[in-house]
Amino acid sequence: MMSDTTQTSTQAPLQPQHGPQEPASRTASRTTPQSSPQHPRLLPLPTRIRRAMSGSWAMLVATLILLATVIIGLIPAFNSQALKQDIVLGAVPAGTDGHVWGTDALGRDVLMLTIAGARTAIAGPVVIAVGAMAIGLVFGLLAAYTGGWVDWLISRVVELMLSLPTLLLAIVLAGLIGGGYWVNVLVFMLLYAPYEIRLVRSAALSHLHDPFLDAARLLELSPVRILARHVFPVIRPVVGAAMFLDMSNALVSLSSLSFLGLGISPQAADWGRQLSDARDQLFNNPMTAIAPGIAIIVVSVAMNIVGDWITARADRGER
Amino acid sequence: GSSTAKSSGDANKLTVAIASAVSTLSVNQEAGSANYQLAALYQEGLTGVDGTGKVIPALATSWKSSDNKSWVFTLRKNVKLHDGSTLTADDIVYAINVARDSKKSPGLSVYWPNYVQSAEKTGDDQITITLSSPHSDFPIQVSNVAGLFVTSKKFFDEAGSNYGSSKKLIVGTGPYKVTEFDPSSHVTLTKFKDYWGKNNGPQTVRVDFVAEDSTRQLAFTSGKVDVSFNVPVTSVAQWQKNGASTTAYADRSYYGLTFDPNVAPFNDIHVRRAVSYAVDKKAIVSGILKGYGEVATGIDSPEQLAGWTDNDASKAAKQTAKLPAISYDMKKAKAELKQSSKPDGFTATLTYPTGYAQAGKASLAIAQNLKELGITLNVKEVPLEQWLSDIGNGKQGIGWMIYNPTTPQPNEVTSWLLAAGGSGTNPANWNNAEVAAETDKVGTLDKESDKLALVLKSTTTALDEDIYSPIYWGKSVVATAKGVKLAKIGTFWLGTNWAADFSKNA
Amino acid sequence: MRIVTKGGFVKVAKFIGRRLLNLVILLFVLSLVTFGLLYLTNSDPARTLAGAKKVSAAQLAEIRHQYHLDEPLWKQYAIWLGNAIHGDFGTSIRTQLPVAQMIGQRAWVTLTLALMAIAIALLIGLPLGVVAAKRHGTWRDGLITALAVVGVSAPSFSVGLLLLYVFAVKLGWFPVYGLGDGSFADAVPHLLLPAITLAVGLFAAVIKVSRASLLEQVESDYTLFAQSRGVSRGTITRWQLRNAALPIMTSSGLLIASLISGTVVVETTFSLGGLGTLLQESVTFKDIPVVQAVTLLLATVICVTTAIIDALYTLVDPRLRPSGGHRGSADAPASKEGEA
Amino acid sequence: MSIMKDNRQSVAQQGEIPQDSNTTTTLGQGSESLQATAITLRGLKVRIGDAELLHGVDLDIVRGETTAIVGESGSGKSLTAKALAGLLPRYAHVQGSYSLLGEMVNLAGDGRSWRALRGGAIVWLPQDPFSSLDPLHTCGTQIAVGMREGSRAERRDRARQLLTDVGLDAGVADRYPHELSGGMRQRVAIAAALAPQPQVLIADEPTTALDAQMQSGVLDLLGRLRDERQLTLVLITHDLALAAQRADHLAVFRDGRVVETGSRDDIIRHPRTAYTRELLAAHAGIGEMERPAIGSAVVRAEHLVKRFAGAPRPAVDDVSLTVHAGEIFGLVGASGSGKSTVARCLVNLERPDSGDVRYTDGKGGMTGWSMHVAQLVFQNPYQSLNPTMTVRQTLAEALRASGSPADDAHIRKLLDVVGLEAEYLDRKPGTLSGGQCQRVAIARALAPQPKLLVADEAVTALDANVQRHVLETLLSLRERTDLAILFISHDLDTVRRIADRIAVMVDGRIIEEGSTAEVMDHPKHEYTRKLIASVPQALSVNLAGEERHQ
């Protein structure tokens, strides 16, 4: 074995200087283009448009919609205005004097009511989705990673929760705590959680034997840390997709409780409530149903666009 | 929609959509109004009613009593049952005993069977029913409207718990025979050829259960349905636009507020009055009900009371109009509240049952009315069952009373609302010994005018004390498609062979 | 595929045995919990049964006595359990009908409806999810995802009415309501529109989950290698789907679970008397025997679905097969793989 | 011809894109050498995100012969290979002109035009044997599915035949990839690559995970196929010796460019660029270091047995070994002989069916396994890094976990140990080359400053320069900190150069153990003798000859 003379062979390897075979030119050529923004002219036009559409544009609009919804929800004035009745007028179609979108059965202005409905549109669904996913992550990861009786127990409880009648739980909680919007939010958080637990658990299971987890175990990282830093980021796309979908789902679920007589107070402006009240007005003033319906759809699409964008950003450069 | 509802082709088949499904054909087991409506076509009692509520012979041809306690019924001869057998007195006695058995007839036994002491066969075609207390209007109680449904004893015993189910169906003596029953979908009936009476109705009647109002309307629009009951009053105009002919009739229902005089602040009559004055009943009837209702001036509706006025509701209406119900007057409302223990207003909760959208909307209207007084009324929707359980629980100062009488008993509503005092006996937990005694006394009176006078007197007391604040008496609307004619309609129409009143052009 | 190996039957028997035990435990606990929850609701069946009518306290007591509602809670439960163990689920308080009979009449409607809905959702949702993942980041992807979200946010009764109006009333392609003449053959076309309505709400879940998990596969090495060998696109897609199958299967199983108890609105809109409406009516009525029986039935269906899906896991992924062995680690004992 | 058309359109499209003169000239050149060349590539530029990774690669691959692409780790070999098969990620921007077997190919073309070429014309064999197979299908299925003709049964039989051709048991057809060792998977992948009978095979490090004997077997097979079928072989490798032995032509990559091409003899004998000379020199050997005195035993494995369910024989069968402080213990053996399994048992990732692993501290007391005692460098570096974490995060975590400060300076120091530039700190594994991943994995294993490093094929994916650097680092670490190393490799040459003692494994058993000199010079066992005989020696001989000549 010959010692061949290169300049590096004599250096102590652990010295924090340049890499051993590091010609100066190399470092320079690699680092310079890194930060400079990409020249837009280099992309074909359709790509540029597509990129803009799928990224910033849609994102911008969606963010604006959500912001507007939140802000409007914070202005109490709308609420009292919107709830003014005119029962003698009743439901009139769109365009009738001063009511752009007509009125509902109680003669309330549909436009105002829809705007005021923004109040309950975002907070509840976000709390439901985030809360349920938090529960899902904690127990789903625990079940997948620990295995054994913990997994068995969690899986059985999940099955139990999945089998419990929704309505029963809602009624009992409403009876015990006293009903209302936030109780419903709590009910749905509990009802969504078992789904998330299963989802997280199975997603985590499919990565449980990945070598990088072995590597993490060799570093004697605590299970919590392994789950939080190694397993969670890997399953994040699935988790993200499910969570933002849940927000849309929750928005609709909250409104469907009105069908069962457990919804939000009929006095409050709420899209779900509006929709369920609109059932017998569909033919008198279709706007009573269309307006809140569109509002729900627009907001939940916006939530998903923003959600997807956040998930995509978090995963950028992964592949 | 541009398509207009046309009747489905077959002139011999009538398709009817109703809003609620029945789980069994036996009213003894499930006594909802839909059950009664259906049973009217296939089962009969000793007596029957006509559209106005007048008692007419059915399985009994005549009846008499000397003391209002012991009733002798002479039976119709040669009545055939749907299973081909001939009806016997034993079958009827058996049916009465079944109605008295709270296990077999949980829905019915609380009514008239409750005061039946015995029912016996006292001749080949005669039975005698003995009551524990005198009841002058007993004959109407053994009609199918009030709750006697005669069947074959043999069939009942054979069917056991399957009596009235889709497996065994049901046997009666009525003009129609059930040929098909699917509790999740429909009942099909065909004309019973051995029926003792006349039946000009269509050969086949199919009753579909379509719970959702909008679906029912779409089904109607699509021409799949000839007749629809339970047209929501708020969308009558829309149905008409889609080609429906609509007919409304007073359905004897009572909608009103109940105040519990034991719950603050409603223990203060001024508070109660303030609330009653503030409710704009007229606006509710015209705005929310679109006129399909009547501002209630008393508790039992004139149509209900008509049993004591020769079945002429207008006579009864003249009487009820004189009752001292409070009508809308915001000034007086404010004045009353000033005098009360809560001059600056207060907060209360009003619940209404799911499925009663009109009551919900009325609640919101009331809340808006009360806001002017400074009273905050929180409106809550709860499941029907919970609402029922909460009636008279002594916790709610203000509550809805929604009452759909099923029997023709003229004071059916007040017999409960004004029943003997004490907690739980009446929905308001109102304790007025005099009124309670009066209510108990009604059954013992002979003359109908006396009964009416007494009931109106106690009602007056209740209204004066403002324990009950009536709002409206309801109406129901029936829609018929083009080519379908509805001959007549009346308050008790659904307790008769209603199918025969429809005729279809081929 | 190697599925049945030597001793495979023993394994299958063991798997089923363990599952059955799980099911029994679950059903027992579930019946306890349901019973307790029902007890906590504040409606009174006796009162509801009597209706808004004049009933004396004695009569109410009589009704309560008849259904053992006046017994202490544990005794009520014991009575119920004793009967249930003997296969007698009692009679409904609300309708006096034997519970088994009530459920029998309605169960198939809901189960068929749920199965049809999930089948439609998968048949349409999966291909869309595949396209979205393969055309990831393009306008097609965006459009599909957006449509899916619109589907999930459209309340099912609105969708139902809209479909009814367009396809049943205007075009006359489908029946408007009900189940037809009662035969199964006639019921299927009647159930199609409701099933589509339900499926609209499921697309999003199917599309999003399949897209997300497929995306991981699309740029994987084995995909590239297969592509480079000229393996057909269909085969590659099948491989990718199979690799992405775990989360997709899980969420499909969950969808079935959610469907079975979530059909109330659609059942109401299309006038189909099914388990959903029965359960809803019985819960609000506090009809304990019916609620118990329906809940247990649904739980059984859910458990069986879960078991099937877990069995499918091991079919799909050889690494999860106990027989195949795996690079297990100290933290993941091999025994747990079989039961997920 | 449709492909031609496609490309013309794209050339027209590209008109608006600023191009360097290279592109225009190549078009002409391509058609001239139509017969002789299988691949003509001019001005291949690849840009991902903001960085240009290939800066105009020109390549001419002669038909029916073997061309080796050599070059340091991260120089763009794999990217070029992928580009040639149209397999770069969607977000990569590709430019350049490319003619394959006489037809122009649009490098930025859509899936359809590429699909027509793949399989029959060209096949790309990926670098990482662990992720190149679908985990859910048996190996036989995966091989058969790429075949272009034949009934099911015929395909199955041919798949089995191919497996025996690459030196595997035909029974492997029924096994799943996760049941195979790294080398076995690599051979399955080669069989799969050959299944469609391509005209051009681009094999990215096809034999890195194979021992010398297996390696020559597989390369012989490829050579035979080349002759029989006019297969054009592009071999990507960091192993210059192997390239020199097997290739007819060489292309030397560096920094996303081709710095030198030509016939093998030309380049080996007359390297024109300093870089090539450096590369050749690097191969020749490592600086001799002083061997510290062997200390006390760090780990003692006794009678390890591990049998996987369903396997015909134990993967590890009664293996005992002891590694001492300051010692480099080489574990060599055929692919599938159980080396990785022993390694995993040592660090507690696999529980042996029977037998003991005992760690002892300096004073002879017993300790259990802990991260400070032993660390493992995994055989498959790609998958042993969390795909969602940047290099910085991975290393910082390892430092923090072991209680060291995780600041920038320490991280950079770690990178330096493995010769990786700081610019890779904020990259995620998906954007690193094979060698870069491997170096990150080594750095991570060194972070907790373990007493024992189990290096499972830790330097196989590295080019000679980097390999030497890493090995020297390990040697000096041993010198300074008494680090014990269990060096697992199939590369006898490397092992010989650094190991103090060597054990040879066959079929789960250690058949021979002794000092390096003993084993290398006086092998007792037949297998060992064969192994030693098949080490590629061409380059060292040649080089030596050259030097003597000079």
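The chains carry the letters A, B, C and D, assigned in the order they are written, with residues numbered from 1 in each.
In the analysis below, contacts are C-beta pairs under 8 Å (C-beta built on N, C-alpha and C of every residue); 3 or more make two chains touch, one makes a residue touch a chain.
Protein names from UniProt, one per chain: A, C = Binding-protein-dependent transport system inner membrane component; D = ABC transporter, ATP-binding protein.
In this text, all values refer to a predicted model and were calculated from it rather than measured experimentally.
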Any idea whether A-B or A-D has more C-beta pairs in contact? A-D
With chain centres taken as the means of their Cα atoms, state the distance from chain A to chain B in Å. 50
CA centre of chain B versus CA centre of chain D: separation in Å? 86
CA centroid of chain B to CA centroid of chain C, Å: 39
Which residue numbers or ranges of chain C touch two or more of the other chains? 41-42, 137, 157, 161, 219, 268, 284, 317, 319, 326-330
Residues of chain B that touch at least two other chains are 1, 212, 214, 383-384, 386
Going by the touch rule set out above, which residues of chain A reach two or more other chains? 171, 214, 217, 259-261, 279, 282, 319
Which pairs of chains touch each other in this structure? A-B, A-C, A-D, B-C, C-D
In the complex, chain C touches chain D at residues 1-2, 5, 136-137, 219-222, 224-231, 233, 235, 239, 242-243, 316-319, 322-330, 334
Touching chain C in the complex, chain B uses residues 1, 3, 21, 23-24, 29-31, 102-104, 106-107, 109-110, 114, 161-162, 165-167, 180, 182-186, 208-212, 214-216, 218-219, 221-222, 224, 383-386, 388-391, 401-404, 415-416, 419, 424-426
So, in the complex, the side of chain A touching chain C is made of residues 50, 53-54, 58, 145, 147-148, 151-152, 155-156, 159-160, 162-169, 171-172, 175-176, 195, 198-199, 201-203, 205-206, 208-209, 213-214, 217, 223, 237-238, 240-242, 245, 248-249, 251-252, 255-256, 259-261, 272, 275-276, 279, 282, 289, 293, 296-297, 299-301, 304-305, 308, 319
Which positions of chain D touch chain C when the two form their complex? 82, 85, 87, 89-91, 115, 118-120, 122-126, 128, 131-138, 142, 145-146, 148, 174, 176, 178-179, 189, 192-193, 195-196, 308-311, 344, 348-351
In their shared complex, chain B is touched by residues of chain A numbered 84-85, 87-91, 105-107, 171, 179, 258-263, 265-267, 277, 279-284
